[in-house]
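Which chain is which? They are A, B, C, D, E and F, in the order written, and residues in each are numbered from 1.
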Amino acid sequence: MTGGTRPPGRVGPIDATVVPRFGGPSTFARLPTIDQVPEWDIAVVGVPFDSGVTYRPGARFGPSAVRQGSRLLRPYHPELAALPFAEAQVVDAGDIACTPFDIEGAIVQIEAGADALLANGSRLVAIGGDHTVALPLLRSTARRHGPLALVHFDAHLDTWDTYFGQRFTHGTPFRRAWEEGILQKDRSAHVGLRGSLYAESDLSDDASMGFLQITATDVANQGTAAVTHQLLERVADAPVYVSVDIDVLDPAHAPGTGTPEPGGLTSRELLSLLRGLKAAAVVGGDVVEVSPAYDHAEITAIAAAHVFYDLVTVMSRSRAG
Amino acid sequence: MTGGTRPPGRVGPIDATVVPRFGGPSTFARLPTIDQVPEWDIAVVGVPFDSGVTYRPGARFGPSAVRQGSRLLRPYHPELAALPFAEAQVVDAGDIACTPFDIEGAIVQIEAGADALLANGSRLVAIGGDHTVALPLLRSTARRHGPLALVHFDAHLDTWDTYFGQRFTHGTPFRRAWEEGILQKDRSAHVGLRGSLYAESDLSDDASMGFLQITATDVANQGTAAVTHQLLERVADAPVYVSVDIDVLDPAHAPGTGTPEPGGLTSRELLSLLRGLKAAAVVGGDVVEVSPAYDHAEITAIAAAHVFYDLVTVMSRSRAG
Amino acid sequence: MTGGTRPPGRVGPIDATVVPRFGGPSTFARLPTIDQVPEWDIAVVGVPFDSGVTYRPGARFGPSAVRQGSRLLRPYHPELAALPFAEAQVVDAGDIACTPFDIEGAIVQIEAGADALLANGSRLVAIGGDHTVALPLLRSTARRHGPLALVHFDAHLDTWDTYFGQRFTHGTPFRRAWEEGILQKDRSAHVGLRGSLYAESDLSDDASMGFLQITATDVANQGTAAVTHQLLERVADAPVYVSVDIDVLDPAHAPGTGTPEPGGLTSRELLSLLRGLKAAAVVGGDVVEVSPAYDHAEITAIAAAHVFYDLVTVMSRSRAG
Amino acid sequence: MTGGTRPPGRVGPIDATVVPRFGGPSTFARLPTIDQVPEWDIAVVGVPFDSGVTYRPGARFGPSAVRQGSRLLRPYHPELAALPFAEAQVVDAGDIACTPFDIEGAIVQIEAGADALLANGSRLVAIGGDHTVALPLLRSTARRHGPLALVHFDAHLDTWDTYFGQRFTHGTPFRRAWEEGILQKDRSAHVGLRGSLYAESDLSDDASMGFLQITATDVANQGTAAVTHQLLERVADAPVYVSVDIDVLDPAHAPGTGTPEPGGLTSRELLSLLRGLKAAAVVGGDVVEVSPAYDHAEITAIAAAHVFYDLVTVMSRSRAG
Amino acid sequence: MTGGTRPPGRVGPIDATVVPRFGGPSTFARLPTIDQVPEWDIAVVGVPFDSGVTYRPGARFGPSAVRQGSRLLRPYHPELAALPFAEAQVVDAGDIACTPFDIEGAIVQIEAGADALLANGSRLVAIGGDHTVALPLLRSTARRHGPLALVHFDAHLDTWDTYFGQRFTHGTPFRRAWEEGILQKDRSAHVGLRGSLYAESDLSDDASMGFLQITATDVANQGTAAVTHQLLERVADAPVYVSVDIDVLDPAHAPGTGTPEPGGLTSRELLSLLRGLKAAAVVGGDVVEVSPAYDHAEITAIAAAHVFYDLVTVMSRSRAG
Amino acid sequence: MTGGTRPPGRVGPIDATVVPRFGGPSTFARLPTIDQVPEWDIAVVGVPFDSGVTYRPGARFGPSAVRQGSRLLRPYHPELAALPFAEAQVVDAGDIACTPFDIEGAIVQIEAGADALLANGSRLVAIGGDHTVALPLLRSTARRHGPLALVHFDAHLDTWDTYFGQRFTHGTPFRRAWEEGILQKDRSAHVGLRGSLYAESDLSDDASMGFLQITATDVANQGTAAVTHQLLERVADAPVYVSVDIDVLDPAHAPGTGTPEPGGLTSRELLSLLRGLKAAAVVGGDVVEVSPAYDHAEITAIAAAHVFYDLVTVMSRSRAG
């Protein structure tokens, strides 16, 4: 029970044999803050914004909840045989401050915050917040890494056009990203789709933007290995942004979210699919829509923290690393 | 994000781009009430009765909870490629009032309430309430549609004889229905059975009434496609009544119920099995045993609302439609 | 156990000896909807808007929660010896639909919705929603009844100026109302103030707008009779608008709210103070900031429903009635 | 930290310095069961029946919850300077089994169960269950001790006549008791009344049965000492039955109950009033309407356990002892 | 609905048609206590100890919670076609009292308590408490039955060495047992492993102690039948001790535990694996780490009770029986 | 809504108009960490230790919960007319790491941690953790400030001698402190006592150590002003240590604690009493026994944060400041 070996200079999590996990720093995985290390490879950043939601709000408390849920993470990832915090310098960059009262103003603030971080490092992963925050993060990531492939885990398409006349909400980031040319053509996919829609055109419009649609039923019927194969073929060599709406999980696994849909993935399936992306060039990502007021015993926050851990481990290993 | 096309005269759910889902009417799926349309095809009706339960009560609050959990339903069903509220006029008929103090009196009231509704329409689906309510609903449905095949999703057989000397409880409706000649011989099935019993005779008595017994383990081992095939063979051309005790789901998926049994179905499995019934002639049904006091973050109520949505969609499409 | 006597034509709540309280209509106190009666005196209206909050969101679900919590209300008010639903025709006007994405747009919608209702009746009481909604309601009420005295029950002043540059939030409605000339000079009061502030100027600015400041400690030390006397002297003959932020109650009594402050009023104190206003000319009001995701066993929603009941009873009796 | 001195032969609670409170027997206050001692003075008995409720059910789990909540009770009562379990042999008599499906049948079973216990001892105190159970307990107590004075702590009168035609419910036990001549004239009182009623006649009918009506507001305004004085004058020398509906407490103190009403007593007030009855001849009692599904962190169950402890202590000391 | 047939003299659970399940004795499955029968085959014993935990405490309340969750168990096990309480005399032996303040002292007390019970019977199954309690139970079981094969269901290895310098914690029992020669070489297995570790050596150290490592992913990929086959091959003819840390279940199925890890087993998988052990010679076992403060609607406690029931049934049937 | 004026060099909380309260740093009141300022007057420190509890554990998570609950605190205290973070440099010193497995070892670690902090500053206030932590904190404070007067808010005496043979638990810190000569004779007081005891000697032993005993009933009967007067007379000129067990509050106000006792103080009373200590020389203190697993909607954590805020404000103002 000792921390893993790290290259000289790497600062890892606080040692759990000295400071018990229920105490000590409240950074993600008890990692150092960004100002405690001279340089970093991957920064975890919170984006406490939820003014783009259409049903249950509360994801503004997501970053603090996921950090609290990450206290149990340990340094070695057995399924990927990796020591992610030794293979890359991972830091907690705190939260990007943004207004709760003006969606477009907040998007500008988030984009500026991400740009400022990426000016000093290569890769960013964000804890939402609602899915609105993916748009400025995608913009900033694409500015750094070029047009992106998107692997999008979600019950919903999030390629709707407007809602109450508003173009920027948690249901629209990927249509906006597509319109802005941030996403490479035919390199993106949704995974975990399910639930009712407004019309058949929701699907056909989405397909016309070049998204592959993999439903939760597909995952059940085809298995995670086959879906992983599809995803890797899909993204090919493109730089990949992984966006995980925690509602891709079934409400049994993630009650603490805003628009739950039954019939979802198990956490075992989701973690397996994420690990399959180790062969892709993951350059950024987010885990969004954790709404702690609806959580119980932190199960959603802990699931999100593990999703995050797998995402960071994949990034620390991936060809982009 | 616009509502689906509907035949002239059909009244669908309130438009979610005008009235946000967290507000507006509290009818099922925000559909019209029965007195807001001149005629209807399928009526959703609540039966707030739970005096027949043997363990945790509270399903009397099921109708209001499932309606609240149905606010997220949208008009298009992608897996069935259906617009159920356009293909049939679906309405919310409110609740059937009945006494909580007299089980047999309540059964009379429920049966009369169902008869009154069916006098003006063809098909009824009910939100319980405990499983006691299935008996008067079956009686009324059989009076309208003839002897029925029953597809019964439940952890329990519900063909016990008496309990504390009482013949009408949530554990006995299908023995009573069998005795009354409501069910066709060898056309009915239980799906999702599991948990401990009183004696081996529970199973053999049930089998002698002509029920096919499919356990939760069978669903896991054989898969939903094979089970669907079995069910369709079983019901053949008979008019089908679908009764879903929400405890068919594992307690992880449906904590808000009265007699939870571990080892149950996932919501993904249940929804898949329900959709498979689109090839059958479904003429009525119920979703029962949602007990909101034991729910968390509405996950049980939302699961039940989706079960209901799939049931209504299947009915809107089925040969009986 | 029979409903109270009502003047011919008055439609009261559904009879609880016919339809049990856990079933039946989901209108406030199971009253008729606005389209079920030819005319009305007092309309209850929901305003499901919470995009103006600075901490915990969720009050968008307040109207449905308070209506659910109102199922236990009965027709006779013993402490006021009143039959409010017989003395006035009270109706449930449903919810005013408004956008969650644009605060100022929503304020316009709420004001228009209130104006439309007041075109056909005299008095309106609203269920929030966050405290932002008080501003359009005050505007509309003042347009109908003239400049108002405000009796404001709250832990907070709600006379701040801006937050993140935003002038319209749940912390600013009464400063805006004062600036707009809606409030009579020296006729308004806050009751239940407590908790930390940004600076001493929060208090002095507020006082300069002519508010009387009564703290929760004052209520404890002086008693409800003395505070009632102060309030009645304060409002004198002016038309009174009563705005109740449920966080005026201690978090023990109202956990389900957005910015809880310990040291608050008991529900017994609050109800007593409200009843004391029977001698005033109450012409409108609201009960806001019920956030059900943080509630337990509906205690906040039930407290709010009772607050609402007392407010309506006072209105049915008050000189303005 | 050693148990109090007990007369030879008295068996008290399990010693908490040997068996920790979170383990060990699950009897009330970890007292002996009735078959572990040769004779007893006061028996605690559970009555797990809740089929008489009109709103939230669940009090059938009250006995097990209150016993779990009683694990913290210690042998010395400082405010009464008493060692109740040494001054009297107190035992846990388990639960009286009764049917959940037939209210009148259950009443017969409860009455028979109480009679059987009282055949071997003097005094009984019961944990409900809903308030329906008070009627058979009163009958049995009066048969043993003669016509009774009733001190009834409750938000509600519980002297209604019928509900859905049913004469025996949790809202009617004291009217039935009065009709049956079980209660002495002008020796009974309600304490803690509040909330809305069906009509003014609810109060006048009740008064005509000779009940003194003390509201929750009266307790606040007059103080517990004055109310205690009133109660002692009221009951005088009569044998007293104390019936505590836990909803006499404010929902902040007792969320876990079926028909909560804001504006209630604090637990400090209730315990003070109960202790004041040490000067009366208490011969029996009950604590009812604890519904654990609505409780949080056992606060209702723990409050009920303390109410029970004070009631038993008063009985161990009272003149009837 | 009558209890199963039992050999003369066997005392089974209280009859649920006489005493409803929500009332009556609080022993495991409402079985007799150890002093209510002259002799017994299998004793269920609680070990309310949780001072060995490294994250969330609370398993000290596990025994009372699992007993409460076991009220729904009935006498016939359909999947194993067994009447476990008739085939063996099963009793509830209460709780082993031990200090919460001294881990090593508590281990001595637990071992002595187990030895005392095993002096009068053959087989013991324990409800934890945290996993620390497995060590003294293994010692006592091995003293009675010889060196053991261990089938260990858990997310974690529990073969760490020390934590904060402490050799006896909930993370170390099986390394200690191995060191003490209690476990047969190459006859033990972990099932359900997942989550992050401290270092790769955690796995290699464990393997060097002769444990087979089966991950949660292995269970998903290979299915329960194949894993059962592996387990039976592994344990062969050895006397088997089955230790179930409830965190082997996914947090969706068992939120009420101390160190939850996403990606776990479903309850259906776990029960299936347990039933597969009917072909092994199970001589003892435990179900640990149920922490009710983090549970919801008793789903963890009920899952644990069913795990326990299957374990007891397997024991009643197994060759060691 | 701007932060209060601060002397040059003082670093206050993060500005809530730039970084919203639901985001940003997770230090107490969003204050700077100890290494972000050159020197400080008052340090807030967490002590995540709960291995000394006798009933419900979980206070190990108290420091993180109280910090989360402190996000709402603002810089100006109106009732004390103070800007505490401007009048003194207050910092968050993080948590003192200590072992959960060895009570006496942990006490040594806590004392060393406190000594190290006090070597660089004057005054320390701690967030528990259970009440065991008060002993090392008292030792360290007395070493810095001399023998102390203790003002102890608690339902319990905490002057018991041993429990399970253990001399250092959450029930014994003040007897140990008295024995060690840390407390001045006749200068200490308990406030808020209530609930059952083991024997009358609990009280007389305590009195013989020179504690004034003020019960929760005394606070109700005498009022907070009179009790404040008693306390100030009691402590006179002595340096005062204020220890607040959050269970001094009624469970309605603080459900999230380990040994709740009904009949407690309201948060309004407790805050009033704390503010009364502004006239005393407060040199240290703690707020302990917040157990978040039993909390709801953070009401206990928020109450504790406010208690802490008042304590710090009093210290920033007190003669020792």
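The definition used in the following text is that a contact is a pair of C-beta atoms (placed from the backbone, for glycine too) under 8 Å apart; a residue touches a chain by one contact, two chains touch by 3 or more.
Worth saying up front: this structure is predicted, and the values here are computed from it rather than measured.
Common neighbours of chain E and chain F (chains touching each): A, D.
When chain centres are defined as mean Cα coordinates, C lies farthest from chain E. Chain C and chain D touch with mostly distinct residues; of the residue numbers seen at this interface, under half occur in both copies.
Annotation: 39 Å between the Cα-based centres of chain B and chain C.
With centres set at the average Cα position, the gap from chain D to chain F is 37 Å. Note on chain placement: the centre of chain B and the centre of chain F lie 55 Å apart, centres being C-alpha means.
Chain A has residues 20, 22, 54, 56, 60-61, 99-100, 163-164, 250, 252-253, 266, 294, 296 in contact with two or more other chains.
This structure has the following touching chain pairs: A-B, A-C, A-E, A-F, B-C, B-D, B-E, C-D, C-F, D-E, D-F, E-F. Residue ranges on chain F touching chain E, taken from their complex, read 50-54, 56-58, 60-61, 99-103, 163-166, 169, 293-294.
Within the complex, the chain B residues that touch chain A are 1-5, 16-17, 20-22, 71-79, 81, 83, 250, 252-253, 266-268, 271-272, 296-299, 302-303, 306-307, 309.
Chain B meets chain C in the complex at residues 18-20, 22-26, 46, 48, 60-61, 63-64, 67-68, 94-95, 97-100. Those residues of chain C that touch chain F in the shared complex are 54-56, 160-164, 171, 193-200, 202-203, 215-217, 220, 250-253, 255-256, 259-264, 266, 294-296.
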